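The following pair of complexes shares a single chain, subunit A, combined with subunit B in the former and subunit C in the latter.
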Partner chain A sequence: MKSFFISLLLIISIYSQSNPLRQPQNIKLFADYLFCEQDYLRAAEEYISLKETYLSDTIIYKIAKCYSIIGEFDKSLNYFFNIPASSVFYDNVKREIGKIYFLNEDEISLNKMMFEKENSFNDLLKLKIALKLLKNQTDDIENLLTYDDEDFITLRKFYSQRKNPDYKSETVAGILSAIIPGSGKIYTEEYSDGITAFILTGIFSYLAYDNLKHEHNFRGYLFTGIAAGFYFGNIYGSVASAQIFNAKVDFSFLRSLSEFLIKRNYFVKEYEFCN
Partner chain B sequence: MIFSLLIVVSSVAQTDWQRWEKSRPNYLKEYSHSERDYSYSDNSFSYIISKTLINAYWFFISDVDGDNCPFHPSCSAFFVKSVEETNLFQGVLMFFDRFTRDSNPVGREDHYPVYKNYRFYDPPSLYTLDKSKIRFIPPKRVIE
Partner chain C sequence: MNFVIRIFYQLLILSSNLFAQQYLNEQLKTADSLFNAEKYFDAITEYKRLLYFDSTKQFSFQANFKIGLAYKEGGKYSEAIKYFGLAEVNAINSEQIFESKIYQVRTNILRMTVFRADKILDELENDNRFAGHLKEIKYWKAWSKIFADEWEEAYHIFSQINETKLARLCLNTQNKFYSVDFAKYSSMIFPGFGQFYTGEYISGLLSLGWNIFSGYLTISAFNAERIFDGIVSANLLWFRFYRGNFQNAEKFAREKNISITNETLQFLNENFNGLKP
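Take a look at the complex of A and B:
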């Protein structure tokens, strides 16, 4: 009887030490909660603390997704690569990996994972085209734009914009400013700067002319120098302005492309894990 | 002992003023003036000429007149940096072009990014005609 009580005491005291909150089911429930609360780093850590036997494809996918969202792409790829081809997630895993390669601008790896027979091929092809547009490698894009769905139509528009951008010619800007001061800036859509350049060059040219005419030679030469400075400075500035305008065109293009890809979620399908 | 205790207690009691932040808050905006660096960082002839000219301008005219240029770097600093990045001839052209932009009061808010000292950010690197240096910065973005 005495030994029975001692054993009971031992068992109870040992059992009381165990923490039911750290049981696998509860860890998973808590991790799911964190995932749905968008606390992705902690969710991933909770999922990882589960034993290997509990790591289903869904959980591995969620871990990889967590790391992908917070930008830990290397860790994310490690988990995505652990999902087998037999999994229901496989096609979307390839899209997720493609998205990571796109964001890393890794075209070689993206090419290696594209297989025409797979369901994800079409979406990976879109990412490949977008990556080429991003890097301004337009030579062989036309051959890739073979499909006719809505995304390809949009990508075709982006391709046409990239191929024939609305650039302003630096030479034309310079020549225009040489003919009429300020007109090169107006050509590059810097209207107020163009008008200012015209007024400044005009005023100082007039001052130079008027002073030289009345034989105020020092002032005449001084204003001639200033007028020449504004004249040639404006020609130079118009060329620079055309370059800046072209940089702005590139910037706007990349921003539009980025907005399109974000809107389309980089062609990745999202699962409703939190409903 | 009681006297000492009284002093200690009253001293400690005074610290309460600090704890509750009994101080006058500063409502003034933080403001940084244009930095005036009079030192020479290059040995080229054109740089020394332009830097000496601008140092003299800063010392005798600008500091007396006030910190008025709406751009960062200021037009004078822009000239020195332009000469440093390119050469005297190109620097002068860049300066005249900057002076044209400075003379234009229209639509600056919608055109330039803003530097942390509330000036319009317009660095010389955008105007050197070196395409690798051109980086478009959207208007109104704050540059730290």
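Take a look at the complex of A and C:
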């Protein structure tokens, strides 16, 4: 009889309980599933729908991580800042925040969160150097490159590339093309353009001279105009070519720096939440 | 007494299964109501929740199919195709397979991956299970041809299945097109003609003028026995203008055809009430 009443109570309790799919432990399971499926926005929203008592450091970290991955940096920072210094995630949280400040190019905030005694200091310093390289602020980088691990060695190489870039002078390119048409282009490593400009300017100049000499004035003036067009166009083109060359140097530098940072995951440690 | 308790426990287990079933049905209703209210983001979340907790996979087809539809409505075509594919895998009869495959076709058409749509349609056409759906298969094949810019082919297929309105529209569009080859070759014969043909009169006049001028320079140089002048003028002036002239005519014809296509597609989008991809 006792068992009967216990069973009856059980049935009533099953009847009366809320939808099991909405129970916190199931919401968490579902959110974990979404997180591992890389459906980050939904995962974050599911975690947030948990009551505050269920929001452990791990869950807050995951919410912040979700928002960081989808580029909602403000929301991500809000959650990262909620993780206390006592948490096991704290050091990595600082790296994650550093990464967001780096991506936002916010040097002031990055500086404010760097404390030499903390474990994350070294990695934040690397981000700070990378940010200065990104912004081309090379003046005080040398003083920051104080460590000798592999990343600092690579950053030192980037620093020397940034400090002494392989630029071409726009003035030199212009002057060279003014003296010998096409030579400015050759200086900026546009060899085929340089040779073509030289030949075309030469041919039209010769034709202009020869036609004027033989009093074929109309053709003479026409070829003079074309030759002048090629000549001045080539000077302008050489200056532009030097600018393009320099832009390519900058672009290539920034791409290499970005590839390095992505490869090193912005010095952030990744946890294996999905194994 | 033991017997009564045993029966009672069995009833308990049975009832807990029934409750689970009830909750899953409720979950499906919730997801469907969000879907019907066009709240696609939330609907996808709820269908995914249903899929996650549906251990017997009884809702796999419906949920995956609806997720596919929701992604399609949201313009996330690659995601939609993925879920229509999952719906196909979880289909329990040939009708469900057909439905999920047709939606893969429709989404592929919208994604402009018409080669993939054609491949699926060919598979459906050659599958005896779907012999009763031949008209529908051809209908989507014609739509695929429209998006592949093969209007004449689309016209023929629509005509075969008596879709006269669409067939006429395809034929009209086809007839409006400029011949790219005619524009190009007529400009080769008479500089500027291709531009006139495509309605670009100023460009045609300019093209004609430049060709006359550079041609005159070249010929007059040869007449004056200044051979080098003539060769340079021909190569660096006349031939450049001549080549630019027919390339320009070809480009105009292509651009005009693109705008004709876009006009028809816009018309279909805004005014056609039948089934669209």
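Observations
We take it that the second predicted complex is superposed on the first by the 259 of 275 C-alpha atoms of A that agree within 3 Å, B and C clash if a C-alpha of one lies under 4 Å from a C-alpha of the other, contacts with A are read in each partner's own complex, and residues count from 1 in each chain.
Here, a residue touches a chain if its C-beta (ideal position, glycine included) is under 8 Å from a C-beta of that chain, and two chains touch if they have at least 3 such contacts.
This structure is a prediction, so every number in the text was calculated from the model and none was measured.
In the superposed model, A:192 lies in contact with subunit B only, and not with subunit C. A simple residue count on subunit A separates subunit B from subunit C, and the partner touching more is C. Of the two partner chains placed by the overlay, only subunit C lies in contact with A:33; subunit B stays clear of it. Residue contacts after overlaying the shared chain place A:200 against subunit B and subunit C alike.
Contact with subunit C, but none with subunit B, is seen for A:216 once the two complexes are overlaid on the shared chain. Contact with subunit B, but none with subunit C, is seen for A:243 once the two complexes are overlaid on the shared chain. Common to the subunit B and subunit C interfaces on subunit A are residues 200.
Across the complex, subunit A is touched by residues 90, 92-97, 99-101, 103-104, 106-107, 126-127, 129, 131, 134-136, 138 of subunit B. The touching residues of subunit A, counted against subunit B in their complex, run 192-193, 195-197, 200, 229-230, 232-234, 236-237, 239-240, 243-244, 247-248, 250-251. Those residues of subunit C lying in contact with subunit A across their complex are 4-5, 8-9, 12, 15-16, 19-20, 23-24, 26-27, 44-45, 48-49, 52-53, 217, 221, 224, 226, 228-229, 232, 236. Subunit A makes touch with subunit C in their complex at residues 3-4, 7, 10-11, 14-15, 19-21, 26, 29-30, 33-34, 39, 42, 45-46, 200, 203-204, 207, 210-211, 214, 216, 219, 222.
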